[in-house]
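Letters A, B, C and D mark the chains in the order given here, with residues in each chain numbered from 1 onward.
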Amino acid sequence: MSKYFKAEITDNISLNKHFKILTLTPQSDIVVPQPGQFYMLNSNNTYDPLLKRPFSIFGCKNNTLSFLYRIRGKGTSCLSNLRGGDIIEVIGPLGNNYPEPAGDFIAVAGGVGIASLLPLLDKRKNTGYLFYGARSKDESVMLSEAGALSKETFVATDDGSEGRKGLITELLKGFLNNLKSEISNFTLPIYACGPNPMLKELSKIARERRIKCYVSLEEHMACGVGACLGCVVKTVSGYRRVCKEGSVFDSEEIVW
Amino acid sequence: MVNLSVNIAGLRLKNPIMTASGTFGYGEEYSEFMDLNRLGAIVAKGLSAAPRQGNPTPRIVETPAGMLNAIGLQNIGVKAFIKEKLPFLKKFDIPVIANFFGDSIDEYVKAAVELSGADGVHALEMNISCPNKQAGWIVFGTDPEIMEQVVKAVRKETKLPLIVKLSPNVTDIGLMAKVAEDCGADAVSLINTITGMAVDVKSRRPVLANNTGGLSGPAVRPIAVRMVWEASKAVKIPVIGMGGITTAGDALEFLIAGARAVAVGTANFINPTAVIDIIDGIEKFLTDEGISDINEIIGSLKIRS
Amino acid sequence: MVNLSVNIAGLRLKNPIMTASGTFGYGEEYSEFMDLNRLGAIVAKGLSAAPRQGNPTPRIVETPAGMLNAIGLQNIGVKAFIKEKLPFLKKFDIPVIANFFGDSIDEYVKAAVELSGADGVHALEMNISCPNKQAGWIVFGTDPEIMEQVVKAVRKETKLPLIVKLSPNVTDIGLMAKVAEDCGADAVSLINTITGMAVDVKSRRPVLANNTGGLSGPAVRPIAVRMVWEASKAVKIPVIGMGGITTAGDALEFLIAGARAVAVGTANFINPTAVIDIIDGIEKFLTDEGISDINEIIGSLKIRS
Amino acid sequence: MSKYFKAEITDNISLNKHFKILTLTPQSDIVVPQPGQFYMLNSNNTYDPLLKRPFSIFGCKNNTLSFLYRIRGKGTSCLSNLRGGDIIEVIGPLGNNYPEPAGDFIAVAGGVGIASLLPLLDKRKNTGYLFYGARSKDESVMLSEAGALSKETFVATDDGSEGRKGLITELLKGFLNNLKSEISNFTLPIYACGPNPMLKELSKIARERRIKCYVSLEEHMACGVGACLGCVVKTVSGYRRVCKEGSVFDSEEIVW
C-alpha cells in the first residue's frame, strides 16, 4: 500500500558539501515505511526536472519522514534548494523491503547506501555487523550514528582517510574467514546497498560461502510504481522491475 | 450538471479522459491511487501475440520537460493478458481498450484475433509505430502503403472498434489519418512518441541501450496539438489526442483542437492521480465557463485568419 | 593547446560554434555582450529578395522547455542587408553566412544571386522550410522533388558555399539530406523549427496570430540529435547541427552524433553570452578529457549493439 | 549600452496577495538605468520557465535595483518564490526611456504601470500630475509613495474603493477640460504605462487636444535585445520592436 501526498519541508540540513538530510511532514495520513522501501520525491513544481527521483526512507519518527541524499545532478541540486515551509509531492512507501533478519546479520553499505540500511540497523539494534565503505572520511556520512546502532563496525575508504584503506568487500572477506564455523549461511545473512560493482562482488562472496545475500538495487526510474517498465533488472526469471519486485533482491536471482 | 460523456467508435465514455498505453501498466499499478471507475477508458500496455522481454537498460532518460523511453515493448503476451490481467480490469465499469502491435502483418492479425475473442476487451488500439521485419524494418506507420496493408488486414479480422494509433514521425499526419480512415479504422489516436536520442558525452555513447528512444511528456505537446488539429481536419472519424497532457488546460487544448477524447501518458509518472485531477479540472472549467456539454468544446477552435 | 577549428564547405571556422539564423539578429544586437570575433561563424537573420513585414503579434509563446515562434520571416530584404548591415559584419574576422528564402524558385534564385555578388558574404544558407506558392503552398523542404528543383536552381547560380537548411517536419531526414547532397549542396544544416500549436483555452483560439509556429529550444533537442545522427550517416558532406543547444554538453552531443559544427538559437535569448560560454565549455571539456583536436570528437558516437 | 550580469536577491517583499517588490544587488558593475527602461529577469535556473521576463526598472539606489511586479503566471510565480541570497541572471537596462519632460507633465499609470512611471516622478519631483487607475484599492499599490513625488494626484478605481469610481481617462479628460488655455500641447505632455485599451484612449485624448503623448507598450518578449523580432508593434512606419525602438513610443506613431 502506497500513497501520493503533499508534504511540508521541515528542514534540509547539510552534512557536508555533498550530503544533506531532508525532513518532511506529510500533510495527510501516511503508510508506515519498512526498512529498504523508498519514496519518489519531486524537487520543484515545474517541468524541469520532470520526473520524480527515488530515495530510500532514512528515518520515520513523530510523523516526519527523512531522507539522506547525495547531491548528484539536476534533481538533487533542486532538492538541495528546498527550504523549510516549501511543499513537495511524494509517492510512497514503494518497493519491497529487507526481509527481517532472524538473528544477527551483516549490513554492507557503499557510500549513500547507508541511507537504506540505517533503518534496518535501527530496527534490529545491536544485531548488525556494519561494513561501511566510502571514498573518503568526508563521504562516510552518518558513520557514528550507524555505528552506535550496530554490534560491531568496520570501515574502509578508498583513500584511507577513515578506517582501512581499500575495499569494504576485502574487509568483509577477512571477517568471514575468521568467523567461527557455527556462524554461517542463514544465521548471518548479508544486507547490502551501494554501487553495483560492490553488490556484484558481494554476491560472489555470498555464493562462495553459501551465505544468503540481499541487495538493494538502483535503476533509473520514471514512475516508481511498476507502470513504465523503465527500471528493470535482468534476473534468472527475466526482467523484473526494481521499483516493484525490488528494490531488494536475493543476490542469487540477479544476472550480474 | 455538466455532461462530460463522449462517444468514440461506438463506445460511450463517461468522460473523454483515457490513459495512454504503456504509461498505466495493466491498470492495477495505479488502482491504489484512485477509483479506476472514474476514467473515461483504460488503455492497457501494448501487447503482442507472443510475450516480449524488451530492451536492456537504460530504458529511460529524462530530457528537458520530457523523457525518452526505449522499453522495447516488453509485455506478457496476449494470452497471459487475457488470463492474468483482464479479470482484474473486468471488475470495473469502464471500457477496456487493448493496445497491440507486431513485427509482421501476421503478428498483428494474430494478436487482434485473440484479443477480439476475449470477453472484457471493448476496443482495440493498434500501435503502428513498429518496424516491419518483412519490409526492411520500415516502421509500419511511416509508409502509407505498408500502413494500409496492415490496417486492412487487421480490420478484416475484427469486429471490435478499431483505433489506429499514428506515428508522429511523418511528413503529413493528415494523410496518414486519412489512410487509416479509408482502411476502415473507427478512430485514430495520436501522437505516439517522437524518435529522439540522448548522448552521454563522457562515454560518447547513446544513453539508451537501444540508441534511440521515444520522446514524450510536456516537451512534445505543441507538436501533438498541431498534429491532432491537422488529423481532425483530414478525417471524419473521431480523433483521440495525446502527447504531453499534464493538466486540465492541456487536455482542453487538444479537445478544442479537434480531439474527441484524450489520453494521459507521461504525466501519470509524475502525478499518479493526474487523470483524476484532469477530469475534475475539465468539469470545473466547463462549469466556470457556463458550458453544459463537453461536446460543445470539441473541435471548437476558432482559427485566426 | 586544443585545436577547435573545423572546415565546412571550404570555410575554415575558428571553432564549430555558430549562431542560428533568426536568433542573433544581424549580429549588432549581441555585439555589446561579446566580442563577435570569437564566434566560429555568424549566420544572419533570414533574407528574401524583397523586404517582408512578417506576421501580426502574438508572434511568440513559451511552451514547456521551448517556444513557438511565428515571426513570419520579417526582414529588411537582401539589398538593405547588403547596404546597411553587411558593413558592420565585415569589420569582424569571421565568416558571415547569409540565410535566405523565398516563396518561389525565382525568389530563391534572386536572393541567392544578389547575395553572391556582395563582398563580405562567405557562404549561403538556404532555408527551405517555406511554402512554395507555385506548388499549392507545399513546404519546399518536405517534398523531395520540390526541394530538388529549388536547390538545383540555386546551386546553378552561385559559386559560394551552399548550405541547405533542412526541415525536421519529414518522415525521413536522411533522405532529404541525401537529396540536398545530390543537388550539389556543400553542407546541410538541421534542424529548423518543428511545427507546433498552442491554444488559448479561454478564447478557444490559437495563441499565435499565425495559428501555428515553429518549436525550438531545449524541448526539441533529443529529436534534433537523432536527426543529425541520421543525416550524418546518410551523406558525406558536412552536417551542421542545431536544435535546443544551451550548454557545451548539448553542443558536444551533436558533434559526437556527427555534426561538424553546431548553431545556437533560442539559448541566445536566455543567455546573451551563450555562444561564448559554449565555446569555452567545449575547450574545457577537451582539455579535461585530454583530447587535442575537436575533429577527434566529431562523429565519434559509439553505437550500442 | 546594456549588460548581462548576475545579481543576488536582497529581498522580495509582498505588498499584498498580488504585488511584490524584488530588490537585487548586481554582482558586477552596472549601467545606470533611465526611467522607462526595463530588465529581463529569470526566475529560476531550469528550462521551465524557459524565457526571461521583462520588468520596468522601479528603483535604483545604493547599487541595488528594484522591481515592482504583479504575480500573473508561471514566471512571476517563480519570481515570487525567490528569497534573499538567491542568485538570478539579469539583462539590462534595455529599451529606450521616457524623453525627459521640459517642465510639468502628466503621468498616467494603469495598475502595475506605476512601476515604470514612479522613477520618472521621482526624477522630476513635484512636477508631475499623477493619474492612477486601478481595479481596486488593493491594486493601487505604491499610491502614497508615488503621490508624495507628484504635484497633484488623481485616482480612479473600477469599484470606487479608492479615489473616484470609473476610468482614469475620464478623470484626465475632466482635468484637461478645466486647464487654463496657456498650459497645453508640449508644455504638459502625457507619459503613460498601463493596459492597451487605456493607452489607446489616451492617444485619442492627446490627439484631440494636440498634446504630446508617450506610451510605454507591452508585448511578449523572448530576447529583449532586438534579435528575435517577437515583440513588434505596428507603427505608421511598419513593425517596430518594443524592446529596442520602444518600449516608449510617441502615441502618434502607433497604429492602434
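Throughout what follows, a contact is a pair of C-beta atoms (placed from the backbone, for glycine too) under 8 Å apart; a residue touches a chain by one contact, two chains touch by 3 or more.
What you see is a predicted model, and the numbers here were worked out from it, not measured in a lab.
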**Complete:** Between chain B and chain C, the fewest touch steps amount to 1
**Request:** With contacts defined as at the top, give the pair, B-D or C-D, that has more of them.
**Result:** C-D
**Asked** Once you find the CA centre of chain B and the CA centre of chain D, what distance in Å lies between them?
**Response** 47
**Message:** Taking the mean of the CA coordinates per chain, how far is chain A from chain B in Å?
**Reply:** 36
**Fill in**
chain A to chain D, mean C-alpha position gap in Å, rounds to 54
**Prompt:** Which positions in chain A touch two or more other chains at once?
**Reply:** 47-49
**Fill in**
Touching at least 2 other chains, the residues of chain C are 64-66, 217-219
**Prompt:** When you draw the chains as points and link the ones that touch, which shape shows up: line, ring, star, complete, or other?
**Reply:** complete
**Prompt:** For chain B, which residues count as touching chain A in their complex?
**Reply:** 22-25, 29-30, 32-33, 45, 53-54, 56-62, 64-67, 69, 71, 74, 217-219, 246, 266, 268-273
**Request:** In the complex, go through chain A and note every residue touching chain B.
**Result:** 1-4, 42, 47-52, 89, 91, 219-234, 238-239, 244
**Request:** Would you tell me which residues of chain D are touching chain A in their complex?
**Result:** 44, 46-49, 74, 78, 83
**Prompt:** Along chain C, where are the residues that touch chain A in the complex?
**Reply:** 64-65, 218
**chain D residues within the chain B interface of the complex** = 47-48
